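Structures are listed in the sections that come next.
Each of the two complexes below includes subunit A, the first together with subunit B, the second together with subunit C.
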Partner chain A sequence: MKARGRCWKFGDNIPTDQIVRADRVLLSMQDMAKHVLENLNPDFARSVKPGDILVAGKHFGQSSGRAVAPKAIQATGVGAVVVEYASRLFYRNCFEIGLPILECAGITNFVHDGDILSVDMTDGRIHNETTQQTVYANPVDPFLMDMLRAGGIIPMAAKLAGED
Partner chain B sequence: MGKTFAEKVMAKAAGIEQATAGQVINVYPDLIMSHAASWRCIRTLEKMGTDELYDVNRIAMVMDHNSPARTAKTAADQKLCRAFAKRKGIEKFYDVDAGIAHVVLMEDGHVRPGMVLIGTDSHSTIYGALGAAGTGVGFSEVTATWVSGYLWMKVPNSIKVVINGPLSPGTTAKDVMLKLIGDVSADGGTYCSIEFHGSYVQGLSVSERMTLCNLAMELGAKFAYVPPDEVTRAYLAERGVQPHEYEEIYPDEDAVYSKVITIDGAELTPHIACPHTVDHVLPISAVAGQKVDQVFIGSCANAKYDDLAQAAAILKGHKVAPGVRLIVTPASKHVLERIVKDGIFSTLLESGAMLTNPGCGACAGDGGVMADGEVTLSTANRNFQGRMGSYHAQIYLGSPAVAAATAIRGVITDPSEFFAKEASRT
Partner chain C sequence: MNLVEKILAKASGRTTVRPGDVVVANVDCLLLHDLSGYITSRVFDNEVRRPMRYPERVVMVFDHHFSPPSEERARMLEENRAFARRHGIHLFDCGSGNIHHVGVRRGFVRPGTIVVGSDSHTPVHGALGCFAAGLGNNSHAGTVMPFGKAWFRVPETIRIELSGTQKKGVVPRDAALWLTGQIGEGGAVYKALQFAGPFIKDLEMWDRWLFPLITIDVGGKCGFIEPDEKTIDFVRSLTTEPFDVITSDEDAEYVELRAYDISDLEPQVAASPTLGNVGPVGKFAGAPVQWAELGGHGGGRLQDIRQAAEILRGRKIAPGVKFNIVPSSREVFAEACQEGLVQTLHEAGCTWFPPSTGSNQAINMGAMANTEAMVSTHARNFPGRNGSPEAKMYLGSAYTVAASALAGKIADPRAYLV
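The block that comes next holds the complex of A and B.
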């Protein structure tokens, strides 16, 4: 469970309304991905590459449940999301769809937009290749790691149902 | 050591002796609600390769956002839900005419004390108004729970909010919550269960309890809770739900809270959430006079019968200011029926309001959107940039009383002056 790529850095308290605007939620996932965080950084959706790391500040994904928000981030190809901390619902919704997310206090002081980061979900290690520094995020509950490895709650539930 | 409401209700739903904050357990929700996202749940189920549901009686589906459909795509999504509900025998299926899921399910007696409910909507915390634990989850989680019957949940820490009443005249549950959200910020209750206690909530109407618990979501809360009492029992009895059909759960006296917050209701004044976050809150005196283009009275926070009655009491005999659009969207068909019957509908119409069909409406950007540079005063629960049309528009949030006073004056207005007039008349 590793990701490596360019750091796209965003600020604090970003609501799901900003990740995917209300007038975009009925687009196809492919089209929705073209509008992720569009008002905060229009370059992001245009230039993001598979494996890139989305970094944001505190209370990321606050407000509306809007489970399509992490799904749209996933559809951009982002390999992992690292935030100071996430809203409860956004955090859940990442695991349910298999989008790696780490909570790491101080991450916004540790990276600059454009740095190259590598992230290891299994031990929470975040290495900034640009500055050659390393930090560790809060460990993820082992049960949630299983869900991530399975690819989300649906593949996991299907697998459990198959074992019954 | 005593237990909080959240610890007790989750232990019950998990079928275990006891639960403690921080523990991750599998919980069997009593009710699984999905709304506009229902079609996504059905599509996800198809991918799971199973068609067997754990218990259809625990499933509720309400077509509340984007209703009635305005695109062929939405119409097709709703058609899919309708057919699925029929095929599966989902009795708690509510079509596009019913209204907002939360309000509809409570009005129809499906929400009861001691229940755990999950929903595809973040404002599922509202069910705490009847002493139940409600929380928002994703649509894939709903689908998985349809099949397995259970879902993982972390037992949350609890915050005790003690509200001493009565409130000063002209203030409401909305003002209590806006002030609280402003004080502790939008992440002041992240992942917590918020318990409301104190003399204000004892005997408080279910409508105002719903506003408290609904807005608790804007603190980042997982659950909200008002202890059930005679008011709760009477509300349920009116809906044919008898005490033996539910279990009231109360926190222990010595339960452990991560924080206790005390609010003095007598000191409270109307408060407004200013653009563009719900925790950017100011007393109304600081924003009074701000010109508005539109006033929206709607949403699961404040479009219940009592809310519309409160707005109508102020609007009666007045006209909406020239150039201002007053949009009223009743929360449910039941609310609409009631206001038609007792004349509130006519009062609103005569004042110059336009009434739309019940549902989420403008709160979710479905109609009532704004052009660049416009301003709306809304009774909803969110004011993020771009939520109601243009990204370059502004949303202020306030109570139904503030909304009515503002519609009359065309600028954000403290409703107290109207209450003072009422008092001098009687």
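The block that comes next holds the complex of A and C.
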């Protein structure tokens, strides 16, 4: 439940259409990952390393609720997503597919693109190693933390439905 | 409790729920379209591998493809058809109409029920007194298809009361667009939005439809309108299936009340890059457009087609403008035929397209080059949804779309209505 890596910083109100364009959604996940956020920062998909942290602004992942958007981010190797706040569907989808996400008001003022961050999902601690400062994200609902630990909704579905 | 809380309580076997509670509830209807349905079907067959528990509750509508534009897409639709046959779910093939309109017209959406879908505009069904929310593919494949259930966090409710009478040339879609700007993108994240007040109460059902439609774009989980006699008559005209009408308690709580008088509103336009970029039509008047369209989740209703015909009757659209009309359902097309609107708009220079979701995401129509612009009744205007990320999309009422098609640029419809 921890991630450490380079911060890739994006802006406000980014729709899922910009995370993965509609004409890319039939690609394999491996190929889709090569196009994540391509219109906003073509360097991102080319250079992102496992564990890197994607930081974005307000209402991240608005528009279409397709779960391939967080899945493609996950496939790039991103270790955690930290946003000012997420669209409801994007937030739900992250836990359902097992991608760590935190909401932290002020995060876009706290980091610069290229900073080294470490993120701990269990207590919401976000440490900026470059500036040596620490902030805490909003706590995550225990139900969603259980889902994340299970690896998403599918492994816990039968239990959730009371049929385990 | 309000109707959303009552529906969630009933469907999860509780007597009461409160905002913040997480419940697992029985789902009455799952609506999928040809794209989200394809993705969901892959997850269900490859990762879940269980039987479909209630195939009669699952509906797939091919609405992004009225006809496949490539072999790859033809293959995808064939896989969807095979999935539908294999699991016994309902399938409405190319040419049926927009997912949400088909869901309503074919009687799958009924008051007091829980409707879910991967399409993010699924909350529109709250117009019929349902609890309706968009969920992700993994919820559908993981819990709805194999168990008939889904998890929900009970949302807090914002009550929006609208009153007043609109002036000539200003229509409910203008009020809905304006309201998007008032609430703001992300202004209601995770909330339920209750649309109420005399203005909403007086609207006919397909105009009420336009209000819960904006829920997702202001960040909400669901939107709803209290069902009344109008709702019951409307649904009874579409289905013989029984349903329980659930209404909010008089003392139901909400976290916020917003009241607006819409009497002074002018026609509204929302310009790319987002819906929040909305203002009176005068702010954008004069911006050139090469394309016009009635279509998508909100457009292509009979009401839109009537408005366009009112402006275009006996006139011709501007040279260089292509005006595409996409009926929301086969029923809408039949009604437009009966009213003579098909001929009127054809003679004005418009082109009729098959019932579908039109150029929503430009899957089989409506892509633009970087130099082009469209004015439409669509629900969204994000860059890259219609071809080039530099192409522009202006959203407005069917009046505004038709007036702009006549002028070849964004135009105030009131100049054409006498």
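Keep this in mind: the second predicted complex is superposed on the first by the 157 of 164 C-alpha atoms of A that agree within 3 Å, B and C clash if a C-alpha of one lies under 4 Å from a C-alpha of the other, contacts with A are read in each partner's own complex, and residues count from 1 in each chain.
Everything below uses one rule, namely that a residue touches a chain if its C-beta (ideal position, glycine included) is under 8 Å from a C-beta of that chain, and two chains touch if they have at least 3 such contacts.
Keep in mind the model is a prediction, meaning the values are calculated, not measured.
**Student:** Overlay done on subunit A, so just call it for subunit B and subunit C: clash or fit.
**Tutor:** Superposition check on subunit A flags a clash between subunit B and subunit C.
**Student:** Going by the contact rule set out at the top, does A:Gly51 touch subunit B (first), subunit C (second), both, or neither?
**Tutor:** In the superposition, A:Gly51 contacts neither subunit B nor subunit C.
**Student:** Could you tell me if A:Glu96 is touching subunit B, subunit C, both of them or neither one (first, second, both, neither)?
**Tutor:** Both partners, subunit B and subunit C.
**Student:** Taking the contacts subunit A makes with subunit B in one complex and with subunit C in the other, which residues are shared?
**Tutor:** 13, 15, 17-18, 21-22, 26, 39, 58-59, 62-65, 67, 85, 87-89, 92-93, 96-97, 141, 143, 152-154, 157-158, 160-161
**Student:** Mind pulling up the subunit A residues that touch subunit B in the complex?
**Tutor:** Answer in residue numbers: 13, 15, 17-18, 21-23, 26, 39, 58-59, 62-65, 67, 85, 87-89, 92-93, 96-97, 141, 143, 152-154, 156-158, 160-161.
**Student:** Can you list the subunit A residues touching subunit C in their complex?
**Tutor:** So the residues of subunit A touching subunit C come out as 13, 15, 17-18, 21-22, 25-26, 39, 58-59, 62-68, 85, 87-89, 92-93, 96-97, 141, 143, 152-154, 157-158, 160-163.
**Student:** Touching residues of subunit B toward subunit A in the complex: what are they?
**Tutor:** Per the touch definition, subunit B meets subunit A at residues 24, 37, 40, 44, 47-50, 66, 71, 73-74, 120-122, 136-141, 143-144, 147-148, 152, 186-187, 190-191, 218, 220, 222, 277-278, 364-365, 382, 384-387, 389, 391.
**Student:** Residue numbers of subunit C touching subunit A in their complex, please.
**Tutor:** Result: residues 22, 24, 35-36, 38-39, 43, 47-48, 72, 76, 118-120, 134-139, 141-143, 146-147, 149, 151, 153, 185-186, 189-190, 216-217, 219-221, 273-274, 276, 361-363, 380, 382-385, 389 of subunit C touch subunit A.
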